[in-house]
Amino acid sequence: MADSDVRADKKVQTMTDHNVYDSDQTDDLPSNWGRWGDDDERGTLNLITAESRLRGYAELASGEVVSLAVPISPSLFAGGGPWPRSQVLSPPPVQQTMTYTGSPPRALSDVLLIYTHHVHMTHIDALAHIPLDGLVYPGKSLFETTRGGTINHGSTSAFTGGIVTRGILLDLAPGARLDAEYVIHAADLDAALERTGRSLEPGDAVVIRGGWRVREREDIDDPYPYFALDVIQWLADHDVSIIASDVGDRVLSKPGAEIPLHDVALARLGMPLIDGAEVEELAETADRLGRWAFLFVCGPMPVQNSTGVPVNPLALF
Amino acid sequence: MADSDVRADKKVQTMTDHNVYDSDQTDDLPSNWGRWGDDDERGTLNLITAESRLRGYAELASGEVVSLAVPISPSLFAGGGPWPRSQVLSPPPVQQTMTYTGSPPRALSDVLLIYTHHVHMTHIDALAHIPLDGLVYPGKSLFETTRGGTINHGSTSAFTGGIVTRGILLDLAPGARLDAEYVIHAADLDAALERTGRSLEPGDAVVIRGGWRVREREDIDDPYPYFALDVIQWLADHDVSIIASDVGDRVLSKPGAEIPLHDVALARLGMPLIDGAEVEELAETADRLGRWAFLFVCGPMPVQNSTGVPVNPLALF
Amino acid sequence: MADSDVRADKKVQTMTDHNVYDSDQTDDLPSNWGRWGDDDERGTLNLITAESRLRGYAELASGEVVSLAVPISPSLFAGGGPWPRSQVLSPPPVQQTMTYTGSPPRALSDVLLIYTHHVHMTHIDALAHIPLDGLVYPGKSLFETTRGGTINHGSTSAFTGGIVTRGILLDLAPGARLDAEYVIHAADLDAALERTGRSLEPGDAVVIRGGWRVREREDIDDPYPYFALDVIQWLADHDVSIIASDVGDRVLSKPGAEIPLHDVALARLGMPLIDGAEVEELAETADRLGRWAFLFVCGPMPVQNSTGVPVNPLALF
Amino acid sequence: MADSDVRADKKVQTMTDHNVYDSDQTDDLPSNWGRWGDDDERGTLNLITAESRLRGYAELASGEVVSLAVPISPSLFAGGGPWPRSQVLSPPPVQQTMTYTGSPPRALSDVLLIYTHHVHMTHIDALAHIPLDGLVYPGKSLFETTRGGTINHGSTSAFTGGIVTRGILLDLAPGARLDAEYVIHAADLDAALERTGRSLEPGDAVVIRGGWRVREREDIDDPYPYFALDVIQWLADHDVSIIASDVGDRVLSKPGAEIPLHDVALARLGMPLIDGAEVEELAETADRLGRWAFLFVCGPMPVQNSTGVPVNPLALF
């Protein structure tokens, strides 16, 4: 068979799935492209001001601190003997090896290897993480963005100064969990917001609880509650600055899934996402205190030019 | 020459330097071994209470946030073309490569490789980082601590819940910098504390500024201000919970140096250290506001069982 | 500006260069697609038989062994102290760190990090290394080939049994080097072959010397002798099984370059390439012995499913 | 409890096991320290000459090639989606990730991470791999050897030119396998050698088959045939240059095991070891051909200054 025939046969198989919200739906979907200029890299973080922080300070009362991150037990990429010591899920989010530091060792040291977007690890997605029709927020070409094999625009560089604002917990299933098949809509967020006794202000951070943990699913394709598109519109309407959640998009192994949190909130609104947050302790604390607003403080490891980094956001009460 | 003769000749060369504060000086040096029990892993973080945080909250006024970390520009361990693109200092603190994610890429992702104690990177030292006579705080054997090739005691696991307390900036050279040859004593800290108008309370975090940046030194052995031993006694007397600084110990390339911040404060007091902090912006902000006390918030990447991790501590005003 | 307008503007910038030999030139260029079936993964290695090896054995006479690989001095990704110790070109081909193995260390061990196609490292390219219009030899889709984030077809798996055959050195500039601007044509190979006193047989390996070392160039875009397209036709006509060379394609930093060794020999002929071979010692040995044919023996590190691995091919005389 | 009391209690726990053949047994055990000078780095490879290779050439007859390495299927350290795709033994010998190379990808490339002494991977041990009483062959201090965090003496640098000599297969259990509890003695090697119809000459390589595969054991401490000390004396008496085997030392998880192949042959004789060789196909080929001598050709990846590298030794018939 001539090469050209083979090529024609296979062409359809070369395309992976892509952001399904690009092409025709431009005018219907919320977008912040251009809102803060053509070179903007901070997206909805631009909505956070000193007033946002003062609003968060006003919520401080009793001194509790709750981490919104899942502790990660690293597996080893070397060491502990030259034989395998355990079985682990692969790839893992973090791997470690201790380094040789003399005999006797002057200090103990190590190296960490981090797979930045692993679903089992609480991490922040930078704005360049999800392209939209070959462009990244707010319209930079993929080519320019990735020139030199690193991220030149919309990277984690935008986060190095820290992210501090008022946070509100929207617990969608207080004291329980959503059904596995549940589709989350804007009305669910409204109901949860009402329970907090607060109104959202532009620049607030939102933490959403559905009561599920990705890492406890046996199979990546098991059912899992997820956001419908109108949730993203709700986030846009409220000018939320950043979202952390235990539920959001369904990450499926087959291509073609609709993932509006990534494909619309991140890619079009320029809203950083904190994936895989741990929210159970936050919900219990909020219930106990009878308060669902707090100071949200996130100091990401200040590595620039990356697509994401692990984070440990803290909720201060 | 018989093997035994060769071995006798070389024995003296097999020993690297060690913690010079171990052997005979036990009774003279400050120590917290046993203060919180034989299995304690939190060291001076035990001194932080809700009251510590409320004390920090009381300092909040205007909404500024200052990062105490150096932004890190990663070098590449692969990518950007199969040829070398630049010259870099090696080893670097962080390396990156972007991963293949389909054609076209569904998302942009990467891997980060982190050398946890690199002097050019703001990082937190876990208590196990510095052994003392073959033991780590508060007396666990090196063997048990490193069994399995990871850190089983006194690791970064103690930090995953976050570190939040009141912080005080001790600027040793306001608007200037210390001389390269300066040796810092307790009296210098007293003077700086007085300028803050605050008294230190047990559990407070201390940030110290000498006006120097490790990463700007040409050669690791260039002179650099450092702490004398009495500074450590001062930290112990004030029951400081954690210290971040731009100066502290001199890291020298030749063994045998006295490094009391690591060898006494960390190893004996169980005080976590934040090495290589960036404090210039903090000092400028404090000067401008006329306030040197703030809320200190640190949410380290929650990787357990490691000797240290990069951090981005935030000072909230 | 509406998103669609921005997208239209940028589209042209999203395309990187591609294999310029794909589209229209199919019928004019040499190709082995389909010659050994639609699922073939060995390409021109199929031409090597026991007879090829016997032909190589017939060349053995005096017992010399010459390595065709550049020794690699790894840089460190950690260790040797927590400060940078040197300046290195980045990314480097190989990085090392020694691992912690107890106190005192029971054994000394390390980890190596290898960037498989680094131009300063002698390595073998697997057939999947260069796609042709979204397909890899002999017509598998990129999608299928890279499913699961590894190489499922045309990978280094084809090399794990070793590559042993007769080898012929074609020294294009005996005792000298080609001009920097020289374009190498089939006639140059014919002349060099004549000097060897041998005829090429199907299955032979060819080693080509131009007298240049990639790693000695200051800048990747400095002039460097390279193959014209007719050299590839010559390799095809002679049914060469594998090629190792110090010259071949010009690797340029700007896209669009014509690289027929990779884009035609590898991608269309299914001919594995050994890039960045070290051939000076081979040439000197051949001259001294007055023999340019030898037994070519290559035992690549048997890692499967990769795009390439470092190699150390040996020429036995 | 005062620190000094704690330290006394724990001292005995700080020592890991060490090379049990060091102290008093010097004069009874075979050693090559000093035989080739105090700065020698090649050990028993010094015994290989052109004559060794000619002896190997004389065995060539029919053109078969057998690899003595286990093919390695790498696991992923990133890629294939941001979720874990499989369960693997950890740490694994090799990990891979494919790198981002543009959209569409100009080429497919990857990075490999190699744990050099993993028992499931065929690898060569450099002479510095096993210290002897704080010294490495032929008497260099550990301190000097590891200065700068890399291997300065007795490293893989000695192997970059390739290792080519005659090889002899000693099949200890033709057509069968040794009992799990079998202890291998010199007499077993004599019997196997006799079956080959050859005498060993200084400089020959020896490949030993017991019929076991490390990687097929469920637990590292399951019984496994191993060498008694007199096997090492036999290797010394015959001036073997290098040994590859499927059996040899028992690698146990608890310290204190006697491992004479590593602790005496490698550390005292300066004999490089190829651990974890795959010998079944070699034995079958030898049986079929009725010949157990061959040309042994090993071209290790030419990475210098390491403790070991993966290898793919080839046996040519």
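Each chain carries a letter (A, B, C and D) given by its place in the written order, and its residues are counted from 1.
The rule is short, and it goes like this: a residue touches a chain if its C-beta (ideal position, glycine included) is under 8 Å from a C-beta of that chain, and two chains touch if they have at least 3 such contacts.
What you see is a predicted model; the values in this text were computed from it and never measured.
Where chain A touches chain D, over half of the residue numbers in use are shared by the two copies, so each contributes mostly the same positions. Chains compared, chain B against chain D: the Cα-based superposition rotates one onto the other by 180 degrees, nearest 5.
Centroids of chain A and chain C (each the mean of its C-alpha atoms) stand 41 Å apart.
Rounded to a whole number, the gap between the C-alpha centres of chain B and chain C is 46 angstrom. Chain contacts: chain C has residues 14-16, 76-82, 85, 97-100, 102-105, 108-111, 113, 115, 117, 134, 142-143, 146, 149 touching two or more partner chains. In terms of inter-chain touching, the protein chains here all touch one another pairwise.
Taken together, the chain A residues at the contact with chain B in this complex read 14-19, 49-54, 57, 60, 62-65, 67, 69-74, 76, 78-81, 85, 94, 96-98, 102-117, 122, 128-131, 134, 136, 142, 145-146, 148-151, 157, 160-162, 164, 255, 262, 297-314, 316. Put simply, chain B touches chain C in their complex at residues 75-92, 95, 99-100, 102-103, 113, 115, 117-120, 134, 142-143, 146, 149, 220, 251, 253.
Those residues of chain A that touch chain C in the shared complex are 1-4, 6-7, 10-11, 13-16, 22, 26-27, 31, 33-34, 77-79, 82, 97-101, 103-105, 108-111, 132-135, 138-144, 268.
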